[in-house]
Amino acid sequence: MIIVMSIGATEQETANVRDQLRQYNLTPHDNYGTQRVVIAVLGDVAPVRDLLVSKLSIMPGVESVTPITRPYKLTSRESHPEDTVIELLGTKVGNGNLTIMAGPCSIEGREMMLETARAVAKAGATILRGGAFKPRTSPYAFQGLGIEGLLLLAEASKETGLPTITEVMEPSQVEVVAKHSDILQVGTRNMQNYSLLTAVGKAGKPVMLKRGYGATIEEWLMAAEYIVSSGNPHVILCERGIRTFETYTRNTLDLTAVPLLHHLTHLPVVVDPSHATGKRWLVKPMALAAVAAGADGIMVEVHPNPDQARSDGEQSLTFDQFADMTSALVQIHEMVRTLNKDPFAMTGPIKAGSAKH
Amino acid sequence: MIIVMSIGATEQETANVRDQLRQYNLTPHDNYGTQRVVIAVLGDVAPVRDLLVSKLSIMPGVESVTPITRPYKLTSRESHPEDTVIELLGTKVGNGNLTIMAGPCSIEGREMMLETARAVAKAGATILRGGAFKPRTSPYAFQGLGIEGLLLLAEASKETGLPTITEVMEPSQVEVVAKHSDILQVGTRNMQNYSLLTAVGKAGKPVMLKRGYGATIEEWLMAAEYIVSSGNPHVILCERGIRTFETYTRNTLDLTAVPLLHHLTHLPVVVDPSHATGKRWLVKPMALAAVAAGADGIMVEVHPNPDQARSDGEQSLTFDQFADMTSALVQIHEMVRTLNKDPFAMTGPIKAGSAKH
Amino acid sequence: MIIVMSIGATEQETANVRDQLRQYNLTPHDNYGTQRVVIAVLGDVAPVRDLLVSKLSIMPGVESVTPITRPYKLTSRESHPEDTVIELLGTKVGNGNLTIMAGPCSIEGREMMLETARAVAKAGATILRGGAFKPRTSPYAFQGLGIEGLLLLAEASKETGLPTITEVMEPSQVEVVAKHSDILQVGTRNMQNYSLLTAVGKAGKPVMLKRGYGATIEEWLMAAEYIVSSGNPHVILCERGIRTFETYTRNTLDLTAVPLLHHLTHLPVVVDPSHATGKRWLVKPMALAAVAAGADGIMVEVHPNPDQARSDGEQSLTFDQFADMTSALVQIHEMVRTLNKDPFAMTGPIKAGSAKH
Amino acid sequence: MIIVMSIGATEQETANVRDQLRQYNLTPHDNYGTQRVVIAVLGDVAPVRDLLVSKLSIMPGVESVTPITRPYKLTSRESHPEDTVIELLGTKVGNGNLTIMAGPCSIEGREMMLETARAVAKAGATILRGGAFKPRTSPYAFQGLGIEGLLLLAEASKETGLPTITEVMEPSQVEVVAKHSDILQVGTRNMQNYSLLTAVGKAGKPVMLKRGYGATIEEWLMAAEYIVSSGNPHVILCERGIRTFETYTRNTLDLTAVPLLHHLTHLPVVVDPSHATGKRWLVKPMALAAVAAGADGIMVEVHPNPDQARSDGEQSLTFDQFADMTSALVQIHEMVRTLNKDPFAMTGPIKAGSAKH
């Protein structure tokens, strides 16, 4: 932590800051510039980081307080240099494997669920998705089939052999969703629902945490930290677009987050081009781009008849479109893997043994 | 709802759109332009609005689909022209009354809670705030005293006679929080936690709904619609800053939301300048500005000794600062009321009987 | 400047950073933490600030580089504690005077210009605005009357005695605009048009610099620094809304910028509620809020018959509306001045003698 | 254009709207809903689009005015279905050719310019970039070599045979820049500098228009419309990141803009991953992603010794890194071309003959 004193701060003000630091067993280290004093803080700042920022920044004579240590620990690559790999029914997520999650936005009935499951399994999906509890902007919209949907998803999993993922919306649903599904999804609107994060952290099943549409990467990793620090190391991050001033697309897909996250964290990163773009014909190009940027996989919505979908039809793929996209993704993924083995591949400032990129 | 067909859409494509509309008992009305057809939809679109947008927008030949009706109903001023007024222990929120909610960010103990309650009551606060369950970005930060905090808040209410407000974070906490507090607060990170919205909608106590820091005004009103449609008409909206590219302040306080909301909805609107700015010395000017813009009140954080606060100290006011600000607010509020009685006051396109502004 | 080395940076890497600093006659000062080294840079960093950030941040072993000194100098309050006051034909801008700039968006003809000038002068405007060169999003829209417009503005100034302000769009226009107008306006789209900033910096007339709708406060002050460092100390800053995800209003008016700028700079700050909101009925409440937040004035659009305006009619006030608003502003301004004389008024961390707030 | 009347609008108010439309030789077409009237406007709205929106939206009884026709014409794919292809010294930009623009951020001297030109030419660059006039946020930073730089760029072009691109910052520079360079670049801060857009529109050389970091896609296309309507059909669009709340990267690269622009316009689209990310090690993954999303090319910064660059060193590639990236790009580009020939490729709602995607 670095504390910059104001030009004109008195010696007493600087002394008060030093005293405050010593109360927390930290050691102040002064740096005298031509115009002002800058105090570096030595010692274990992490446990009192936010509190100290808050306290110090209002002390008289203090101009600014800048933490150096990142606030997330268990999710940081510094603490865990190897990629996290999650295994489910023989499928691996992370570390260079290509994950393709596909299925309907909402599970609307038995027939459509099974038909979709068979189609995506055949075309190369590795994980089956389907919404049973649906967070909807409007209280008047279809809210999902609930537990009936979970059972249909489990049946589709049994028939196809694919592991499943479905959203959980509140702590009291965690138990039943964890019973019937292989991965628990926390949606964009619940990224900072800390009660839910803590609950899924104790559920004993992998969790996919979607980025809040208004959340920074740091806040996203802090939300993941809630899950991991509750005992669950198996977290998948899913970029799904952030909110910006651009209105042509529903959200702005932040693909740079992919290589950035590979630098900051060991957790797998997948991309959802369906929700970010909101338009079916933008799904394939953005899925290809995601994998070219190094994503560990994608999540897309597929429907037997998108025109008749009860939700998100405008961004759902038909079976043929999904098969076409998946075939392309597999080829791009293979090529990108090969290209990144090149000795001149650019990497971030991470030490040799610590990262794949 | 307006459906714009592409230049070059075929007659069959246009016919298919008409057929789709008729399946929902809606009447298509064609408008032939020089280059394209525009179909206006007559009938009760509201119940199938989102579904129709989704379906129609991917039909061949369709260029765009634009809903006309706003998606919120119970919260709209069109449906309820008079201001909603909420009465609590003799205090009124809404319709020109000045509401001042004040108290500590977190309740840290009995003494500081009571001392703060007495000070803010004396200075003119009308509602007492205090955090018992705290949503914190970091899992390692102080999470509040929980139920013990609720009891201290209730004790402070009894002593001062002020009604209270405190945050509730998950459905299972609603009952106990409603038992001990007069207003339930839903925080910015939970604005689209639909399980929680539905739960507070059934709790029988007024709810203050903070704006999600990444949420549009329309989404905010839709979140309020969840609460009102669950049976609870007593909702207060609280603007607390949105996320933008500007980083000098924690968030960007959107004060234009105040007159805009008075135009769109009948619900009271208060402003929280503490969280939006994140800096104590910005609280007073932004509180004055909020009331000048027509806000029904403000919510601020006050602490006996902000330098020692366990959370949000950098934005908490001292007792003296709070008293100074409150005195100024009362004067500005009285002047603004008088000024807006002027016959030339500008108003939005709302019919005469419907609004105070 | 603070350089944080990576965990695991080698001694050689740290030595290289020190050598780089010494090449610029700067003194590195090491701070050894438990996990890493943090180097504080002593000496006059300012002239090579950006270059050094660029160079150091890609050196092996460097985790981050954080400048401490703000990049603007002449415009900072630290360098110039007293408020800048600009005098024009007896009117003062800055330091607690209330400035009201008003007039038509575009000058459309002699009659409407003179009629508007008389009306706003009578109602209390202190500066007359009128657009002669108009930056329009569409090449097909009305682009202003050009020099003919300038002459009409000058005529209106002569009749009413009000000083004038009008926009200049390119360096080659500066001379003629400076000849016929008292203040040169640089528009939001040209805030970082450095050729224009340098040209108006040499024009010998005060300049009003609108905030770029996508610009941070720091970039805005750097743009002002271009003007001041070109020899022109008379710059007025005008907040006019920034671009965010919210679409109900044209832009989001960032009123917190007002007290923040008073803290960071000595330049006067005015607010344009017409462009930020884009809606006539939002102008008055946001003008009142601006003055309550401490703005030195406002700029609004007024038209004899807004329904027939050739540009911006939807946000232009009628004469009656302007008179009503101005009367209210004067009262709020007087009250706010009085309120802020209070000894408990909150201020930012600026030394005693340096600021009015 | 669609005009939605308020619930409760009077027959006279609706009649006034109809009259206003007829004054512009437009035909109103009423649609009577259950609660309100919606007026569709038939006729050639385009020439008076913005004016009409402005006028109608403030008429009593009008709830909203929505234009249907897009405001850009010459740049729209509807008006020009085939891809624009720009030929320069044997290189083609657009329509499936891969363009790689590379060179130093600033031209710092003869040796470094020639050395870089040779290296990028050898590695596969198709166009040579180099900055002579540099827009810098700080007035105290290196502003480029000016005309001396232009001459060095021209010399490097002669030696390598590569066409060149360089930035022009004001109308008075256009002639000299057009004399010495093959493509004129308009930078992000000048995207809405209309005087400059008009000037480059008359220069007789192709123009690359960077997206304003705060500009919507529609505004960007309107800026291109300025150039094309001034007589210059050869415009290349360059996505370079937009400003969002995320601060880990300098800007947020909006790659979805690539397929979206291919849908909306016939102009070539290239991507600049250097400025968007601001970090060297993010350039390669984002360049690959851009091409996978369908970009017509990329622009990157290359320097013989990035650690010693006078500007943008932290995002410049070394020669080896550029060669590695270019080799990868060529392979991904070839694969993506093949993949998109697939009959199931997803496309937007553009008619068969009109687009490549």
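As written, the chains take the letters A, B, C and D, and residue 1 is the first residue of each chain.
Here is the rule we use: a residue touches a chain if its C-beta (ideal position, glycine included) is under 8 Å from a C-beta of that chain, and two chains touch if they have at least 3 such contacts.
Worth saying up front: this structure is predicted, and the values here are computed from it rather than measured.
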Higher-contact pair (C-beta pairs counted), A-D versus B-D: A-D
Maximum centroid distance from chain A, chain identifier (CA atoms): C
CA centroid of chain A to CA centroid of chain B, Å: 28
Whole-Å separation of chain centres (CA-atom averages), chain B against chain D: 38
Chain A and chain D: spacing of chain centres that average the CA atoms, whole Å: 30
Overlap residues in chain C, where contacts from two or more other chains coincide: 214, 243-245, 247, 280, 349
Chain C-facing residues of chain A, complex: 2, 4, 6-8, 29, 31-34, 38, 40, 42-44, 60-64, 66, 68, 78, 243-245, 247, 349, 351
Contacting residues of chain B [partner chain A, same complex]: 46-47, 49-51, 53-55, 57-59, 71, 135-142, 169-173, 189-190, 192-196, 198, 212-215, 219, 222, 225-226, 229-230, 243, 280, 306-314
Residues on chain A engaged by chain D in the complex (per definition of touch): 214, 216-218, 242, 244-249, 252-260, 263, 276-277, 279-286, 288-294, 317, 320-321, 323-325, 327-328, 331-332, 335-336, 339, 342, 344-349, 357
